[in-house]
Amino acid sequence: MPEILVHIVEGRSAESKKALMRDITEAVVRNFAVPAERVVVQIVESPKSDKMRGGVAFDEM
Amino acid sequence: MPEILVHIVEGRSAESKKALMRDITEAVVRNFAVPAERVVVQIVESPKSDKMRGGVAFDEM
Amino acid sequence: MPEILVHIVEGRSAESKKALMRDITEAVVRNFAVPAERVVVQIVESPKSDKMRGGVAFDEM
Amino acid sequence: MPEILVHIVEGRSAESKKALMRDITEAVVRNFAVPAERVVVQIVESPKSDKMRGGVAFDEM
Amino acid sequence: MPEILVHIVEGRSAESKKALMRDITEAVVRNFAVPAERVVVQIVESPKSDKMRGGVAFDEM
Amino acid sequence: MPEILVHIVEGRSAESKKALMRDITEAVVRNFAVPAERVVVQIVESPKSDKMRGGVAFDEM
């Protein structure tokens, strides 16, 4: 607790994704005063063809 | 806002998935009067072996 | 199958939310050729103070 | 109804995942008195590099 | 890990919901061989007017 | 893109929740080089009786 789901499209580097998850973990620890061990972050990634903003798929932007 | 997650099993064509996401986007714009640009739709797809209805996995139906 | 989650902030009328869920249901039936009975749509609503875009909470926009 | 999402990292056997989904289905039927046909369970799996607990990615534990 | 989200409509008793969450926890421990401490289950509940199956809202069934 | 869902139990102050969402937004901007405007964070909150860790509901801890 808490559990954070991050919904993105494929294409980010493993480094940037891990850095983001670490920063989110620290943000939870800092603001909610919970031990880091309690914080779980999972990235839910879809292909660019499976995500759309404004009616346009990410592989067509 | 809003963000829509569509949970399905693998096997749909890219065309039908994009058509669905476009139709959902239009439905949000029409009913909530928000600009299309604000609407994000993401398909969260799992293998047929990783989804079950009625106690039966989709790869065993 | 499929299950659709729609994430929004509080404040929409019951009518517009039901109309949206009906339109999404029809969009799934039309594009995926599944019986309507298989389509489940759930709205996950948060207070405006619990959602943020661009670093600004919806109750401060 | 209900729809259950199970968020895990890659690496579990297909057998253990199906057994879990079957057990969850039975738990819903038993506790909520709904027909099994109404219960949908989907596993949302991410690579070990895309999930973190306590600030450590699962591929670095 | 794992984190389980259970999407339902309002109306279930606190007892049945806790019994379900306990049974799901045990199912994860049994099938995935993880300590119970690692299993988090959260019920995401919406009003009956905010959920639809087959194009019919749960408050109109 | 990306959309972040934060699953917690009731009881956090509005200030701490907003501070967390702001920090998460900044973490995404910093690590993924996207404009803040693209980042949406929503807190999905459940009563303490509707969430469980290790087989114990949060209202019984």
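Chains: A, B, C, D, E and F, in written order; residue numbering restarts at 1 for each.
Methods note: contacts are C-beta pairs under 8 Å (C-beta built on N, C-alpha and C of every residue); 3 or more make two chains touch, one makes a residue touch a chain.
Values in this document were obtained by computation on a predicted structure and should not be read as measured data.
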item: Touching both chain C and chain F (chains); value: B, E
item: Components of the interchain contact network lacking chain C; value: one piece
item: Intersection of contact partners for chain E and chain F; value: A, C
item: Listed chain pair C-D, D-E or E-F that repeats interface C-F [over half of contact pairs the same by residue number]; value: E-F
item: Interface composition of copies chain C and chain E: same or different, split at half; value: different
item: Distance from chain E to chain A - Cα centre to Cα centre, in angstrom; value: 23
item: Approximate Å spacing (C-alpha centroids) for the pair chain A, chain B; value: 19
item: For chain D, residues contacting two or more additional chains; value: 1, 3, 5, 7, 9, 17, 40, 42, 44, 51, 53
item: Chain pairs that touch, as defined at the top of this document; value: A-B, A-D, A-E, A-F, B-C, B-D, B-F, C-D, C-E, C-F, D-E, E-F
item: Contact set on chain D toward chain C in their complex; value: 1, 3, 40, 42
item: Residue ranges of chain C touching chain B (in the complex, touch as defined); value: 1-9, 12, 16-17, 19-20, 23-24, 27-28, 30-32, 51, 53, 58
item: Of all residues in chain A, those that touch chain B in their complex; value: 7, 9, 44, 46, 49-55, 57
item: Residue ranges of chain F touching chain C (in the complex, touch as defined); value: 3, 5, 14, 17-18, 21-22, 25-26, 35-45
